[in-house]
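Got some structures for you, see below.
First chain A sits with chain B, and in the next complex the same chain sits with chain C.
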Partner chain A sequence: MRAFEYSSPRTTEDAIRLLSAEGAVALAGGTDLLSLMKDGAAAPSRLVNLKAIPDLTGAHETDGGLHIGATTRLGPLGEHRVIRESFPAVAQAIAGVRSRQVLSMRTVGGDLLQRPRCWYFRAGFGLVPMHDGQSMAKTGDNRYHAIFGNAGDAVFVNPSSLAPPLIALGASATVLGPDGERTVAVEDLYRTPASSDESEFTLGAAEIVTGVTIPMRSSSNATYEIRNRKGFDWPLAAASVAVSDGGARVVLGHAAPTPWMSAAAAGALAGGISEASAEAAGDAAVADAAALSGNGYKIQLARVAVKRAALAAM
Partner chain B sequence: MAQTRYPKTPRDEQPEAGVESAETKARGPFSRRQFLRGSAAAGAASAGLLSGILDDAAAQGEPGVAGPGAVDMAFKINGKAYVATLEPRVTLLDALRNHLDLTGAKKVCDRGTCGACTVLLNGDPVYACSVLAIEAQGAEVTTVEGIGSPADMHPIQQAFVDHDAQQCGFCTPGFVVASAALLNRHPNPDQDTVHRELGGNLCRCGTYAGIRAAVAQAAGGGTTNG
Partner chain C sequence: MAEYVWPAAGDRLHIGKHISRLDGPVKATGRAKYAYDVNRRGMLWAIMVQCPHAHARITSIDTSAAEAMDGVVRVHVIQDVGTEIQWAHDEIVAVAATSEEVARDGAAAVKIEYEVLSHFVNERAVDEAPDAQPAQAETTGDPAAAMASAPTKSSGAYHVAQIAHCSLESHGQVAEWQDEETVTLWASTQAISGVASQLGEQIGIPASNVHVETQYMGGGFGSKFSVDRWGVVCAQLAKDTGRPVKLMLDRDQEVSVAGARPSTHAEVSTAADADGNVVAWDSKSWGSGGPAGANSPPLPYVFSFDNQTHMHTSVPTNTGPARAWRAPRHPQACLVTMRALEDLAHAAGMDPLDFFLKNIEKTGERASTYVEELEKGAELMGWRDRWRPRGSGTGTVRSGLGLALHTWGGRGHRSNCEVLAYRDGLVEARIGSQDLGTGTRTIIALVLAETFGVAVEQVKVTMGRSVLPASGASGGSTTVGGVSGATRRAALNAVDAVFERIAPRLGTEMANLELRNGQLHFKDGSMAAMPWRQAAALIGVNPVSATGANPGPGQLNDSGVGGIQMADVSVDMETGVVSINRMVAVQDCGLILDMKLAESQVYGSLIMGVTYALTEERVFDPHTGQMLNAEMEFYKLAGIEDVGEMIVHMMTGPGYDERGVIGLGEPPVIAPGAAIANAATNATGVPINEMPMTPERVLAAINGGMA
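Let's look at the complex of A and B:
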C-alpha cells in the first residue's frame, strides 16, 4: 500500500474541501478500499475519513421518506424497524452479506460505491481491460461477468448489495460537492464507462454521497440472491422487486456494468404478483440477455432470481 | 475430554505456542518468541528515530491532515493505554502485531475475507486488516488477549479446548473473538444463528463442527455436535 495523508473531518464542508486535493479519496467502512489499495488497484494520495461526521450517520423518518445517512453501517440498518417492516427488500439484501464483521464495518454509501469484483480490474488491468484491441474479459475468463449491457467492451458487473433494492423502491441519493448539493435517483449514480479512463459512477470531482432517501410508499417488495454457497460471498445473480399502486420495478444485480432495471419484467408484474406473473417476469427479464463465452449459466440464475424475488414479495 | 482421545505424543507435553507459562519461562531466556520480541523492540527503537524526522515533515502540511509520514497515535486495547508512532497507512492488524506486541490476531488473507484478524471495535467484531490504526484511536479495541487468559479463560476459550475446535489453530483466535461477540449478541443462539454470525470466519482445516459444538457449550446449550 502506498503512503498517503489522512484526515478525519467533523463536518461535510471540511470533507469536501479536503477531498478537493488531487488524488484524495473518501474513506468509509474501508472493507473494499483498503483491499484495493493493498492490491495496487487504487493509490490515493489522501484519505478523508467520513465516519467522524455526525450528520452522515443514522436513519430517520422525514416527510420525504426514510433518510439513511451514508456512513450508516449495514448491520444496524438491517435491524431498523422501518427497514424490517416496510422495506424487506433492503433487509434481505443486508442479510445476504453473511459476515458479521462486514456488517459491522460496511456503510450504505460504501456499499453503493464499492468497486467491481472483476478480476481483471482487481489485478490492475482497469475496468475495461483491453489487449491488442480486444476486451481481455470477453476473450478470457468471464464466468462472473455481465449478461446484460455487455455489447461494448465493459463487461464487469455492479457488485452493490443495496443498489437493486433501493432502485426498486424508488430511492434517491443526496450528493454533495464543491458546487453544493443535488439529489439524483439512485440508478443515476451509475454509468457504463467506455474506457478504463472513465469512472463507473456519475459523481464529479470531490463529490460524495451523503445519504439516500426511500419514499414511504406502501409496496410488496423483496430481494432474492443466488450464491454458489450459503456462506460469505458475492451473489452470482440477484434481483429486487417492488410492486405498488404506482407500478412495478424489477432490478437485477451482478448482471450488468450498472444495476439493471428490467422494464419487461416490471411489465409482467404490473397487474399484481401471482405464480404465473412471477414466472412470466423471470422469462421477460432474461429475454434480451446475452451470454459471453463462459457465463451462460447466469441467464438461468437471473431468471430464477427474478421469479423468486417476485414470489417472496407476494 | 477431547484431548485424551489420542495417545500422548511428545508434542502434547509441550506448552501451547504463545502461552506465557511458568514452564516456558523456566526453559531459559532464548525461546523463539522471546527472541523475536527482543528484535521487534530493537526495530521499534530505530523506527522511533526515523519517525521524529518524518513528524517534522508532516508538521508543515495542511491543518488537520496527518502523514504520509509517521504520526503519534494513542490506543485503548484490552482496557490498557498504548502509544505508537505509525504512518497512516498502517492497518490496525499490523499495528497490533508488529508494533504493540499483541500477536493474537492473525494475518492470513489481509483482504477482509478470512476472519483470522477479527478483533472487537467498541464491541463489534471487525476485520483488523481492513481498519486503519489511525481510525481505531478513541475506540475500545479488544483482541483475543483481552477475551481471556490461559489462567482465566473465557467460557468460549474453555469450550474450544473441550471440543478440540482447532487443528492447525491459525484461524482460532479470530473464531474465538467472533464467537465471543456472537454470544454477546445472542446468549442462546440456534444453529442457524451460529452459522450466520460466524460466516465471516474461515477454517481451512474444516473444524466447523467442533467450533459449533464449542459455541453451544459456552452458550449453556449442551454439547451437541454439528
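Let's look at the complex of A and C:
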C-alpha cells in the first residue's frame, strides 16, 4: 500500500487548500474509498478527512428547501422528519442500502460520488476497460452493465443510491473549489468518460460537494429497487419518480454510466399517476434501451422498477 | 469385559438431548483463536504473487526489486521459469516480510513475464471445448425401446453452475520451527493427522516431527484436506528465515483457487407408463471443475430404473481446480434427477408427491424410510392441502411447492481415542480429531460423559493436535461416527479399568460396580452408592488410561441415510426474483447423539442450499479467464433475510436409533436446490432448470428464453 498523508481540517477553506496537492483525495465515510485503496484501484498520496468540518454535516430547512450537508450520514438522514414526510423517494433509497454498517458510515456526498462497482474496474482494468481495441465489458461478461448510454466504450453503471431520488426531486448540489462556490443540478455532477483517463464526474481539481438542497415542492415521489438478494446487495435496477404540479421526473439508477433521466417516462406521468400511466411510464422508460450481449433482462427490470416506483408514489 | 453398545432409550443421560455446543461462548466472544489469529514473536507475513493469466508459460521472474525492499526478508519462487500455468490466480512467488503491508508491496514489486497461451473457461459451450473427454455410456435394460412405447414422456436440459467453497476463514497457516527437524503448523485444516504426514514428506522430515494444531476452524466444506502448496511454502519460508511465518490466502485467492464445486449440465429424457411408473431414463451430462474436468454425477440419483442409460463428458477448463464440496457430485445429480422427475410427473398429470411415492420402491433399501419421511414432510408443509398443479397461480407474485430426495453414506472413519480418569474426578478424552465447527468437541464430551454417567461439564476434551491419537480427516460425514465410536469404546474400557483399579480398594469385585447418574453403585447393594468424585479418589496418583478405536467391536455406527426436503417459494413474475417462504427438511441419520447439533447441521445446510440455489456462482471473464467475482460483493452468499422459515424434523426412535451413529455433514445440503427449483417451476408454470436461479435466468425461462 502506498504511504499517504492524513489530514483532518476543521474548515472547508483548509480542506480545499489541502486537496490542491497532486494525488490528494477527499475522504468522507470511506465505505468506497478504503476498499478501492485495499484493492489497489486507488493510491492517493494524501487523504483529506471532511468529517471533522462542522459546516458540512446535518440537514436543515432553508428558504431554498431542505439543505443536507455532504458528510451527513445516510442512516440518520433516513430518520429525518422532512425526509420521511416529504421525500419518501430518498428514505426508500436509503432503506435500500440494507447494511447497518454502511448506513452508519456512508455520507450523502460519498454516496453521490462513489465509484462504479464494475468488476473490470474493481479488478484494475480501468473504468473504460479495453481489450484488443474493444470495450472489455461490452465483449465480456456484462450482466450488471448499462442498458442506456452504452453506445460508446463506457458501459459501467452509476451506483449511487441517492442520485436517482435527488435528481427526480430537482435537487441541486453546492460545489466548492479553489475558484469559489457554484451550484449545479445534481444530474450535472455526472458525465460519461470516453476513456479510463477521464473522470465520470464533472468536478474540477480540488473541488468538493459541500451539500445538496432539495426544493420544498410538494410532490408524489418514491423509489423502487430490484435486487437478487434481500439483504445487502446492489440493485439490478432502480428507479425514482417524482410527480408535482410542475411536472414529472423519472430517473433510473444502475442503468447507465450516469443516473439516467427518462423524459419519455416523465411525459407518460405528466397527467398524473394511475395504473395505466405507471405501466406506460415503464414502457416509455425502456423504449430506447439497448441490451449488451448479456444484460437484456435488465431492460425488463428497469421497466418494472419505473412502473412500481410510480405506483408507490401514487 | 465391556459390552460395546449405546445405552438403551430409557438409560440415556445425554444422548439425544438438546445440548449446546461447548465452544459456543468462546466463539461468540472472540476468545477462540483460529489459525488466522495466531501471532508469534518475530513472525513474518507471507503474500503470494498470482498469475493474471488463465493459461500461460512463465518466461522470466525478477525478484530483485522485492528483495531490495526494506522489511522483505525472503522471496521464494514457487513455480519457476518454463512452468505452464493452467489457471488464473495460481501462485508463482511468495514474499515474506516483517509486516503484511510490506509483504504486499514486495509481492507487487516482483516482475514476472509470461507467454500467454489460449484458454478455455466456458464449459457450458461443450462443443467449443478443446479437450472434452466423453466416457462410455452405462446402460441397463433397453431405454430406447422402453421410451418408444411409453405413453408419457418428458425431456429437459438442466444446468448447475460452478460454485466456490468460499470459507469464511481462508486457507492458510502459521509455521514455526522448534529446531532443525521439528515444526509446528497452526493450520486451518479438516485433517490434522493427514497434513502432518503430507508436510513431513514434502519437506523431508519425519511426520512425527510435524505438529499440526487446529483448535477452531472457520469452514472447509471439503476444501481443506491437503497441506497444499501454500502450507509447504509457509513451512519452507519459516525454515529459511528462522522465523515464524503466517501465510493466509486473500479472499480473491480463496474464492478463485482454493476450492470449486464442478458444474453439471445435463440433457435428460424420461418416460412413464400409464400408471405413472417410470420406465425409462436417458441422460447425457457434462461439466467442469477446472483442469481435471469433472467426474460424472451419479445419474439417475437415488432412483434406479429398469431401463436407463447415462453418458458423461468431462470438460477440462483453465479455472481453479475442483475440491470436494459437501456431498461431492450429489447436489448436482439431485437437481438434474429431481427436476427431470418433477417434469415427468407433470407430463403424467400427477402430484409429484404421489409420483415419487408411486416410484419409491425404485430407491432400493431405503424405500420405507423415504415413505415415512415424505409423509412427515407433507404434514409439516401442509402439502396435501396446499399443492396445486404447475402454473395454477395468478397475479404478479406466485407461490409453489417442490420436493426432492437425497441419500448419503456417512459411516464413521478410522479414529483412536485415549481416555484418562484422574483421582480428582476429571475424565479426559484425547483424540487427534479436529472440530470444523460442526460440534465434534461437544460430541466427544457428550459420549464420554454419557459413558461415565457424569455431567458434560465434568469431562475434558483434548483434541485438535496431530500428536494425539490419530483420527481421520473430517469429510464425507465420517467424523461423528468415527469419534463417537472410538470415544465410546475408550470410555467403556476406561470405566472397566477404573473398576479394576478401585474394586480391590473397596473390597468388592469389578463386576459388582456400576457408574450411573454421577454415582458409583454397588449392584448387590452391599454398600450405599457413592459420588463419582469420592470413588475417583481411590484411583491414586496415576490416572487410569484406556484406549478405543473405530472401527471396533460392537455395532456403534452404520452407513446410508435417506432424507427429503420440501420448498415453498414465491416468484415475482415480472422481476424473476425467487423468495423462500419455507423449507421443510426431514432427515434420518441413525442414533442422534445431540439433537441440537443435529438440527443445527440441517439449518446450516438449508442456508447453504438456498445460497447455491439462488445467488452463488463463479463468473469467468472470457478475455482473461480470470474470475470476475472473486470477492464477496458479487460472489453472493445468502443473508438471513433470504433464508425464509426453516422447519427441521429428525427421524428418531425404533428403526433409526438401533442403527447407531451415522454422519450428517453432507445429506441435508444435497436437496435444497432441487426442492427450490421444483417449487419455482410449480409456481411459475415454466421449467426453472438452472442454478443459481437469478432474476436473469428466471425471467429468461418465464419469457421463453427471450430475456
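By definition in this document, the second predicted complex is superposed on the first by the 314 of 314 C-alpha atoms of A that agree within 3 Å, B and C clash if a C-alpha of one lies under 4 Å from a C-alpha of the other, contacts with A are read in each partner's own complex, and residues count from 1 in each chain.
What we mean here is this: contacts are C-beta pairs under 8 Å (C-beta built on N, C-alpha and C of every residue); 3 or more make two chains touch, one makes a residue touch a chain.
From a predicted model like this one, the values you see are computed outputs, not experimental measurements.
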Touched partner set for A:R100, first chain B, second chain C, both or neither: first
Partner chain(s) touched by A:M1 [first = chain B, second = chain C, both, neither]: both
Which of chain B and chain C A:A42 touches, first, second, both or neither: neither
Touched partner set for A:D141, first chain B, second chain C, both or neither: second
Which of chain B and chain C A:G296 touches, first, second, both or neither: second
Touching partner for A:K51 - first (chain B), second (chain C), both, neither: first
First, second, both or neither for A:D14, with chain B first and chain C second: first
Touched partner set for A:G231, first chain B, second chain C, both or neither: both
Chain B versus chain C as contact partner of A:A123, first or second or both or neither: second
Shared contact residues on chain A - chain B and chain C: 1, 230-232
Footprint of chain B on chain A - complex, ascending: 1-9, 14, 18, 21, 27, 29-31, 34-35, 37-39, 45-47, 49, 51, 75, 98-102, 104-105, 230-232
Residue ranges of chain C in contact with chain A within the complex: 101, 104-105, 108, 574-577, 579, 614-615, 619-624, 626, 628-629, 631, 633-634, 636, 638-642, 694-696, 699-700, 703, 706-707
Interface residues, chain B side, partner chain A - complex: 61-62, 64-69, 87-89, 91, 110-113, 115, 118, 121, 124-127, 129-132, 134-135, 178, 181-182, 195-200
In the complex, chain A residues that touch chain C: 1, 40, 117, 119-120, 122-123, 131-132, 136, 139-141, 143-144, 226-234, 236, 296-297, 300-301, 304
